[in-house]
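Chain naming follows the written order as A, B, C and D, and within any one chain the residues start at number 1.
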Amino acid sequence: MKDIYPASPEWRVSRWFNSEAPLSLGALRGKVVMVSAFQMLCPGCVSESLPQALRVREAFSEGDLAVVGLHTVFEHHEAMTPTSLAAFLHEYRITIPVGVDEANPCDPIPVTMQAYAMRGTPTTLLFDRSGRLRRNVFGHIPDLRLAADIMALVGETNLSGGSATTNESAVCTPEDCSDQTT
Amino acid sequence: MKDIYPASPEWRVSRWFNSEAPLSLGALRGKVVMVSAFQMLCPGCVSESLPQALRVREAFSEGDLAVVGLHTVFEHHEAMTPTSLAAFLHEYRITIPVGVDEANPCDPIPVTMQAYAMRGTPTTLLFDRSGRLRRNVFGHIPDLRLAADIMALVGETNLSGGSATTNESAVCTPEDCSDQTT
Amino acid sequence: MKDIYPASPEWRVSRWFNSEAPLSLGALRGKVVMVSAFQMLCPGCVSESLPQALRVREAFSEGDLAVVGLHTVFEHHEAMTPTSLAAFLHEYRITIPVGVDEANPCDPIPVTMQAYAMRGTPTTLLFDRSGRLRRNVFGHIPDLRLAADIMALVGETNLSGGSATTNESAVCTPEDCSDQTT
Amino acid sequence: MKDIYPASPEWRVSRWFNSEAPLSLGALRGKVVMVSAFQMLCPGCVSESLPQALRVREAFSEGDLAVVGLHTVFEHHEAMTPTSLAAFLHEYRITIPVGVDEANPCDPIPVTMQAYAMRGTPTTLLFDRSGRLRRNVFGHIPDLRLAADIMALVGETNLSGGSATTNESAVCTPEDCSDQTT
């Protein structure tokens, strides 16, 4: 049987928080993986997508689903350093593993953000149990939609199938930041 | 293979709103069915469970899931007549089919509410594609949990399995009404 | 000194709830009076203006401010009878005095609603300490604005002055009902 | 007539944002002044007190009321530098004047925070038209209460009177940070 999804690139992380060891997409094979890409100064991430990631962590079993934060800083780099991020994670009680997307010395957009063609923050990636990207959504996803998508992947037994979709409903892009996400 | 869920009793409805013909559990066989039992003067129903039922209706396909309201009046019967319900459904723009649970002449608790041993309102019932009860939840269910449960049932191909659970987090019971559901 | 506000008509109430004796504008002379006109099946009243009236009751002293509900039924009369209202007030724990605006046998609009030219529900009336109407607002009023208006009236020592204004931001009118008040 | 409020110390600010010139309590004499003391990584400040300060700015006239933010960093100093604050103010579209409370080289608590014995963030200070402190509230203040307090001060014509009160309902203190303010 032929895989109908292209292989997904491994994420590139320069530093991990809330994780004793580095995490990799490869090592999480067998679980569904949700990546919540954010910036600590992105209003929509702080008020919506990060609280949602914590709710998702509570609602699904660790055996079925890994939930990972990715700090994809593409603006105000000097204000969102790992030092600032550490304080932010502490104050907002964000306890899921968070990786810092590797900076690109030649581009404000970091490496993983670029590799997945993310259009801004928040972005949510969903990978199936075989590590293939199945959702790449920019902006807010209602809880009902997100949970249904995750559960569909959790229930899959074959390692391929379905179709990837991309929605959007805005917040921070390399051009501009907006929290009008209602 | 033996069915491990008991057969579910058909609901008993004295009048339908928002439906050209009466609906029955039997006729909906093949779809997952969500029943949202409510009272029009139950604060938690008005502010939480009915808006959630409308969101669920939007989020899932009609081919996979039927969403049905059930007006299970167990108190203030004189204030929650079908006439009042009609005005309520109009003003709150509730467009899903709603059945009026059949009154029991000998008991304030209506027939279907009794048959399913519902403890108050709101109560959410989930039936699998073969019409067997799989969830009977009194009180608020977070969107994430509800969508995951629905999607798990949508994905089932066999007509039996799993285990029914009952949670709760309050609102109206035959003894008392409370909207402190946060 | 001449009064620059016209005398305000007394409200006409056919029945009181949550009050041992009938209330009148005349008898409340000396206090600022806030009237919250509502219908029990008006979504914006249930979700916004009635909870706000309860918050106002908590925030200001009874000696300075009277807060009165007025059930101004102009539609679905058969669904919003005093019997239904009693159940509603009980379930929603509305403890401020509530009067039923007197029905007009020749018009769906009740008497007080007509006398004050209210455009729908919710409507908020503010009277100064001398019983003269100073605000007549149709639709939602932000807490900040409402509290500032009340406090300005509480602080007035003279019995006349200022100018009445009328704002609006929707909900139920004799033509239509809408809860898009955000 | 004797002033019954003690003179209030001038704030000490090392840098201003959103203001062409430095602001001082002395120069604002004649207006009521609201100071919203915050930290950019204090969850309760970001979700509640800063949005409230912006609402207050909209609701009251600039002639009657000055609204000033004060960045009182007492923890994570390295993560809440003026550089980070600038990015924060931009992303959260905070347009009121914001001063950076002067650091104390011998103490993590900055100078103005110390001078006013603030217990953490958010803290709201209200000064009357004569520049005397009349409210010093730690934690969340409901809009109704805040607007009533402001309006009472706006309406004062004498330059003394009343009594200062201090309420609280938590968030960040030098000991700990908590966003459970509901």
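One rule holds in what follows: a residue touches a chain if its C-beta (ideal position, glycine included) is under 8 Å from a C-beta of that chain, and two chains touch if they have at least 3 such contacts.
Please read all numbers here as calculations on a predicted model, not as lab measurements.
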item	value
Cα-centroid distance, chain A relative to chain D, in whole angstrom	36
Geometric centre distance via CA averages, chain D-chain B, whole Å	49
Junction residues of chain B - those touching two or more other chains	none
Category of the chain touch graph - line, ring, star, complete, other	ring
All chain pairs that touch each other	A-B, A-D, B-C, C-D
Chain A residues touching chain D - in the complex, by the definition given at the top	41-43, 46-47, 75-76, 78-81, 83-84, 86-88, 90-93, 172, 177, 179
Chain A-touching residues of chain B, taken from the complex the two chains share	55-56, 59-60, 142-148, 150-152, 154-155
